[in-house]
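Once you've had a glance at the structure underneath, I'll fire off some questions.
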């Protein structure tokens, strides 16, 4: 996988020059403001009432330690991210495999399947909020018509979480499909033919040929979704506003409230920093092990 | 032949499943957007005489410029991202160096930052450059936003390019730009397209930064459309449904228009048997 | 290679288009001699009406108004961030009474008082003409921070046809022992709500119901609506709005507060099922399709939906009344709501802005706005008592006359820096208790602990 740079015929310097614009860009427009966030986390700064940030050392972080709300939020976000990603991988893979079998009208179908992903997230939240709405929504209506149990969909903790998961799967499984489909398309067909000639079953084809070659992309998709689902904000905001009580108050909702409703930028920054450290650690581990897994999976 | 008929059956079932999964919520949205107000809440009324006045209102409220702004900034932002990220992805893919994982993480990190706290410094930076309320400001921001994602996706595609091809080209004495143009670029069509589509969509749906940075001239579609519902009073199922449909239509058209290219991009390349 | 070339053409076309467009962006419509004033506000009907009137009146003064409509919450954010980063675009900013402490503290707006040092200034504003119960929310530290535009008193809307029905009256008297009438106390309110909550198929006013019917329609969405409705019931029960302003001690778990929560939970059984997820406008839509006997909401919310034949199936069958009374010392207790037009602190055209603002929101100006937007609830006594208004806007006149005549006990959200956080803690507890996750006592005790911690951190108590 990693290639000797000499093989590409140019010196290291060339490569550094190639990367430099991107790195500089990210540094100026993303990293530098991010460092501002780090500084803010050490201050008391209510953007409405405080003229300037006031240095208060680690008081914010001390407060985080005692903040039970934050702990709960972290747990909820992890729970949501794990279940959502798992669901999306399964559904996305199934769809990608289906598209790979070249059904008639595949292009159009793929385009349609991608619709949820390209919709504005707030609108997706609104659609599903309306679908589950007990006065206006068709899902409770269907339950009513079929004499099913009357469920307070978005007003009960368990079902609210369930509703959010369904909405998320609907919205993002297409992303997984997009990535996995591209990976599937690259697998040479001869491998399948040869294996079939040798009498391999469908499942064996999948396990021995398909899976290893899309493993890399599966990990990319999983990583992307885990991260984004963890930071999910729009749908929660529209559908439950944090849930009955705080049962769907994800980390992002918590930060949003601190920053945009309470205007406590100092504390919000501290929370962001803590969350990011946790994420960075998780991702470091992920990248290490995915590199290893990828190397193991390659033929 | 059993095999062929079995396959057609499977195709039909698959198509039905895909449509049943994706379409109903969207169709419901469309239905709500044309249902007259008085019977909106009446769920048993599924057949009715449609009304298009919500669309008339929405379009009458001057959405032309904002949507055009969205198109321009999203496209150019994505192009910028592809260029910068593409070059960087080359390094990540082809080069082995000590701090690779760390640098990757550093590039990825900003993506995890909720943009909330970076609003003010960015606004200040743009103001010093005199770029408040300009499309250029949005293009600059968008380019930067999607670089991490693009690098990630592109790098994975680049990893798939057989090293023998590039090695042989190098051995033949080709310079790096030539190698990029003749060997790498054609084979990374799928990756470039995927990265472009993804970053375009994220740019198109971006709300927070256009909201803060623009006011009249460079307003984007996402801001204009959201403001049409203006918070609590008008946030109605009907209006919202119209909004959802209108915001999605341009991107739908875009994807449908390019779908052949899209899929061809995925299947192109010397690698497919 | 084909792909590359095609993409190349497309890119080139795009770039050319962009280059053509960049310079086009900044065309400002400067008719000769006209001053352009910008308005930052929400896309509500009343403000669209105001902008139309402002352009009409302003034409005579050589002024035109260019609006920028944003979602409601974002107006505050944008005004705040723009003023902090020195952006000078705006002249007018929409303001809601709970924003006054924040925007005044961050110096984003200039108080109207600054323009009233001259006799002309005072006559233009006519500050004594405003209904005090409605404008108190726009005042802070003795200064008026915005020109009052729209009052939004919380009132009860009820179905006159149901309350006048002979059969219903008989049944109610038989069940509860007193005549059916517009509820004056919260006990009566609960009884009435219970009485009118019926299932599909049961009879209502002599006809079988095609759908479930509900006693009361309310918007209880988390994040601003739920507490906004509940707060009236809270103070009607004699409790503080979260804390005692004299001692600065939170009183979230006082007996009155717990009683109010329990009352609301009991009332919840008679609310429409989607109440936790619906916003104000959504709730009124439900009422407008004839599914509820009573609604409790801001007057202008109800007025903008219920009397319109395009949206409502109950036109002509709704009257408005003051909120019921809880404890006798607080008759018809409610929390006030006010909307106004403020002048941006960094505006470059302050004198013109002031001139146009007072012209459009004078007695005559308000009447013009009402022509464009009939559901406008004016904040000037002269407008409410005006003969034309009395004749043409009977609902508004009837409702506002009640306000003026009975002077209901009105409080406003206190100008506390941490108010939103304090409210959020309470709303969490309320939502938790309502969904049955915790008992009211447990929820409120936990909330009290959090409030105390908040107040300690803010330095109000030791």
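Every chain is named by a letter (A, B and C) in the order it is written, and numbering of its residues begins at 1.
Criterion: contacts are C-beta pairs under 8 Å (C-beta built on N, C-alpha and C of every residue); 3 or more make two chains touch, one makes a residue touch a chain.
Since this is a predicted model, take the numbers as computed values, not measurements.
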Label of the chain whose CA centroid is most distant from the centroid of chain A: C
Chain pair with the higher count of C-beta pairs in contact (B-C, A-C): B-C
Geometric centre distance via CA averages, chain B-chain A, whole Å: 15
Between chain B and chain C, centroid-to-centroid distance (C-alpha), Å: 37
Residues of chain B whose C-beta touches two or more other chains: 40-41, 120, 226, 237
Junction residues of chain A, two or more chains touched: 47, 133, 135-137, 260
For chain C, residues that touch 2 or more chains besides their own: 73, 77, 84, 286, 291
Chain B-facing residues of chain C, complex: 1, 3-4, 6, 11, 14-15, 17-18, 21-22, 25-26, 38, 42-45, 66, 68-74, 77-78, 81, 84-87, 89, 211, 224-225, 279-282, 285-286, 288-289, 291, 301, 304, 310-313
Sites on chain A touched by chain C in the complex: 46-49, 63, 129, 132-137, 140, 152, 154-157, 237, 239-247, 257, 260-264
Partner chain A, residues of chain B touching it in the complex: 7, 10-11, 14-15, 17-19, 21-23, 25-26, 28-29, 32, 40-41, 43, 84-85, 87-88, 90-92, 94-97, 101, 103-114, 116-118, 120-122, 125, 140-141, 143-145, 147-149, 151-153, 156-157, 159-160, 163, 166-167, 169-170, 173-176, 179, 190-191, 194, 197-198, 201, 204-205, 207, 222, 226, 237, 240-241, 243-244, 247-248, 251-252, 255-256, 259-260, 262-263, 266-267, 269, 271-273
Touching residues on chain C, where the partner in the complex is chain A: 73, 77, 80, 84, 102-103, 105-106, 221-223, 272-274, 276-278, 286, 291, 417-418, 420-421, 424, 428-429, 431-432, 434-435, 437-438, 443, 457
Complex contact set, residues of chain A against chain B: 1-5, 7-10, 12, 14-16, 18-19, 21-23, 25-26, 28-34, 36-37, 40, 47, 91, 95, 98, 101, 103-123, 126-128, 130-131, 133, 135-138, 141, 170, 174-175, 178-179, 181-182, 185-186, 188-191, 216-217, 220, 223-224, 227, 231, 233, 252, 255-256, 259-260, 265, 268-269, 272, 276, 279-280, 283-284, 287-288, 291
